[in-house]
């Protein structure tokens, strides 16, 4: 579960792909606030809104890492601040155990991070995104997808789309 | 013509120049047919690999076609043909018999499975006869000669220090003709292979006809875990599922091994399952091995390789089942 | 009387009196020192029951399948008994549905090598914590190897090596699901792997999909695992599944307080559906 | 006993597992959860020629495929009638005219249209069991002179579940010597006809075997099949003259993937059409 | 295949300035199931919304993706719009192209790529959503107000005047709260009791108001419109139906106890009314100090009571009632400064008092009948030091926040002192003087004119020397050390939430901030609501306030409650947990994890493979479930799913992103 199998070769123009699961009430709000304050942060993170960090199923993380994300960020309300009172306490245990399991299997710790970011902590959201992006960038592509068939793989000679780029009128 | 065992390695080096050669070997702790090459040490002393050679013809996951959309937004389908010239060297007579079974399934009855057919056409089979048997081997009881596989392209009968080389097909003859650097014109006597595990198949097929509702199925199936181990290590189990992976509008349709032991296998949309319990599933599997296949294709679907006997986590043993059928008195 | 004699006698009595409808134990297999699980309904079959140091299978999970036939009697060692506790805690069965004949377990040996099985060398509770009667004496407490020794071995590896190690593990998996089907914690009516709508796991056999299954399996059973080691034993590919289970158990043990699942009917803690306000905080 | 010869294992084909892309040209909403789809190839042709009762593997490339009996056909199209019961059929129900789908086939055997010539026909169906039977019924109506009296006994749980209502109530009753009998299992405000389960309803119609001159064709759920079979046998029908079409989960459609077997027979290849006499000799879990 | 319409908003140049919206639209047209894509300058404008409606009809769209501002902004708008179309309002997904894309990225190319991904994710998710439908929840037309201070009373009166039943729960033995302890109120210098006690009696006599004094909330269950609240009415040992409030018992009671109402500067009897104008105007027995109840001896009160109202056998009473709405008016207390400020003597100097003690000293009905006499020796202090921000704006020792009312009441105290002790000198140590408010700064200026001497700086030490309290501090304006020898020091201490608020709020699942003030649903737009529907805030429960602001918020909370109680029923949030009974094995792992107690296990009958089976399955109460989804992760079988955020939709969203 790491970059080692790539022989360290990082494709040109590679940008880390990171998914952030953010709870609606705190971190998503904080991310919105970062927008309202016109803060600037790297675009490598895409936010997926969930109602509560307690909704965060570890299986989503495996899916994301398996299918091509280089890093996963899970964010929720600070302990004690959960809109649903206790969701983040369960999330804290689950994510802690799960993170350790992933690291045990050889995932670099920086690739899966969990943070508590409140609705007011726009700056923390920005800083977290910046640091996660930089950490994952330093690690390089995760590339667990290599076992998943690349759809560009062998296909019959392409007779239809090949000349799409040259409209008939031009060639005539 | 004989092939001295000392020369096998050189022969393999020769063969693997242009083709993928698969040999019995233990890789990462798993005994299977592995591509001959660096780090793969052929082991012809091993009686049976844990994993059968069926994935050379019928991979656990096989891409069938890829689909995408053209510039007008219409779907296009592009078939895969990933078959290539392969040699399986060191396959055992029991596993050769399993290829007979699979040939029947995939190549007859109105429809030829092109993916299997392509791979089969490009496969050269070099069978190595058995000089000794494992505790769980019972192929001779199932009509397989441990030193002879009639359908192998090349049969290598174990004669102690050397193999007696028999080219049995056109393909085999052409192949063996290329081996002169490694073979010698000599005769040798194949050693006899004694199997300790015996079952009596006499009358079992017919007797099973009347035993569909016999209580032995319940007694047997109750210890089954319904895992897929027996079906995945079985050289003749060929059930598959068809599924797809998607990426936006692109995707691949593939088939993959499936197991009749899984409840999901026959589960229909809407929740009805014609084989809801272990009883029905275990009965179907063993009936298929010992009766249904015989009725349809005229041969047993069990080749006596003993893999399931060895690997079943609960020792649900097909040889005991055959004994019980023989002893069954309605 | 040996434990085997007592088991036979009691099984016969229980079946004859109608106190139980089925009785689960072991019988001899075809090969020397081989045993296989046996489910009997007829007292006359009680003499087929054996108990020796080659009874490899744990029996608890069979109860789920035979419970519709009526009350079940079964022989329980430490692992079988804890399996029953787990099934009761997960409301798969009720305690009164089973009659447990406890036996002290001498530790089970591999029938071919005669060596103690790995799962038994690691066993910490060979005597059943829950039973209705004991057949024979309790066995001596085993000298178990250090509970988390194999986890420590993996943890001592460098990250890239761990990555490669588990990659090769998942590359070998054939997804026969024997580990799932033998596990007394795996009692879902439909396993997530079969849920095509969510499509958690694709049906292709490759490292990525196998890893999804492997990781999720551990997350699903980790906080209930009774450490019977059956998953590892039944694996036809000999995958080191207990290294994964024990990792999660070790972490829960370290982080959330001493944890050993299903040692009594009263304490069936599942750390992942509980929390404490002062849990370890690593995510500020 | 007179019997009818049913062909088995008669389908053949190339590249059996690779579908063609087809287009939906017409959609009919039969009931709230049943729709019929007419399919053509992308260049507007009939996707394949088939006999009544044969199967087609109809699906969506992204989501998978399911086996259905071709419920009707013309020179330009084939039609499938689909009930929404699972993941794939849910997606099929979201289709619109013009959408592209995947289709392969035809598979399986067909109704013994020849063998039934000159006979009276009794079609018995329940709920979504009508479309498979209708393929035969439509053939008989098209070749009306070849067949005697035609009876259709059709039941469903509630009024909304009756498929092909227009044909049931407005078209078929007007066909010569065609008799349509419909019942519902339960009272329904939209229904003033018979309320009965299929088997007793069938009994009440007193449609006897006519000395082996009437063929019964059944398609319905497990309990309908069981009870109607008993009714017919009690009424004196021979098992040879009771035909049915079977359903099981199918993946390949060509007798290779293994799951739709009844004993040594595969429903997709040898079936789906069997007489009860044949089924009695098989080891069926269905 | 579903039919998805994608509507992308330029938001003027807010989005379009950084995101090439047309390029995003072009990409969206290639996505699976997308049948229509439209861009708009302002999708949320009337013409924009009209365009969405028309497209839905014309194109037969069955689900909608809007790429615009944050869903937290306009998701309700779109839902409302869809409600008027054939599309189910929950077949909607909003891609956040503004707050989380155009506003935070500068490079147009990069922002456009991200916007495309966000739209892809939204399309993938919406394709797997199911139509959801609200259910009706009845509303119990009765409100519960917790706290009988000025905020609680005002809320109760406003609700009651609108014709709804109200119950006030007050922990103390009388209504009135903190306001009734005050002497005068700034800036008008009204007599506090004179304006507060009429409110108290109005509440006490209002036909629609039930006052439960000496009572606390024991337990709560239920949800908006249907809060089932159990109230513990502590044993009063007096039958209020018989008691006439004559006071004979109080005069005869031999046991003397420190009087908390007088801030410990006087004594009361064990059977007591909190203060003369208390409402209810009847006494209770302080069981902890009553000789009869503690030692079994005495019984004087029972002997003197003319109506036989004394009942030593009285016990706590639990009553349970259902309320449609709840208002928290739980108020504040003053911070316990003693352990925090050892440099001020930490409580060892009697003449270092709090502002509230000063209020009682200056009050005509207080322990000194309104004469300012210092507690240690009863002499009139000739020099007084007032120290502001004790515990406030002091993150090292106390609270970081400003307690808001202290500037004004310290000015009031200075003014009152100088008024009553014309020859006295008054020094006020301050950090800032904050006097926004009608007439406030004028009041402060008057105080300065009265002769109060304001010194900018904190007092660093107080010690006693020669009978004087020496206050050392720095005047930060002149950077000089200042030493004042005072006869009395008044500490204007910080407001902190009332005792027990954490436990109480937890019962109602109302959020608290780090200082335990209750959290409003939105700081600006929903200042009196909480995140738990049907629960509102009034007064200082939410944060420090002065009286006018408390009353103001009380009125606002009341109007929200009236609005709610005016409805006969509510529509529930349909984005809640849902049980797939086929998969559920009834092991109940979800039951314990639900913070709302919304899940129970019930036995149900099923038909499985033509057999009838009875087995336990989970059941979700749609009124209680708030849609957090914690249960869904607990459910290994995936039987529990969260509608609107289903496992399937999130998995496809992840997949869509991974394929960028």
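Just so it is clear, A, B, C, D and E label the chains in written order, and each chain counts residues from 1 on its own.
We take it that a contact is a pair of C-beta atoms (placed from the backbone, for glycine too) under 8 Å apart; a residue touches a chain by one contact, two chains touch by 3 or more.
Note that the structure is a prediction, hence the values are computed from the model and not measured.
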Give me the ID of the chain with the smallest distance between its Cα centroid and the all-protein Cα centroid. A
Most widely separated chain from subunit E, with each centre as the mean of CA atoms: B
Taking the mean of the C-alpha atoms as each chain's centre, how many Å separate subunit A from subunit B? 43
On a C-alpha centroid basis, what's the spacing between subunit C and subunit E, in Å? 50
Between subunit C and subunit D, what's the gap in Å when you average each chain's C-alpha atoms? 48
Whole-Å separation of chain centres (CA-atom averages), subunit A against subunit C: 36
Two or more other chains are touched by the subunit C residues 190, 192, 197, 200, 204, 206, 272-274
Overlap residues in subunit E, where contacts from two or more other chains coincide: 32, 582, 593, 634, 647, 651, 655, 659
Two or more partner chains touched - positions in subunit B: 76, 79, 241, 243, 245-247, 249, 251, 254, 258, 267, 272
Taking the complex as given, what residues does subunit B use to touch subunit E? 73, 246-249, 271-273, 276
For a test of understanding, state which residues of subunit E touch subunit B in their complex under the given definition. 30-32, 120, 582, 608-609, 655-656, 659
Touching residues on subunit D, where the partner in the complex is subunit B: 9-21, 42, 61-66, 85-89, 100, 102, 222, 247-249, 251-252, 254-259, 261, 263-265, 269, 283, 285-286
Give the list of subunit C residues in touch with subunit A in this complex. 151, 154-155, 159-167, 192, 200, 204, 206-209, 211-212, 215-216, 218-219, 222, 244, 247-248, 251-252, 255-256, 271-277, 279-284
Considering the complex alone, what residue numbers of subunit E touch subunit D? 1-3, 32-33, 35, 60, 62, 610
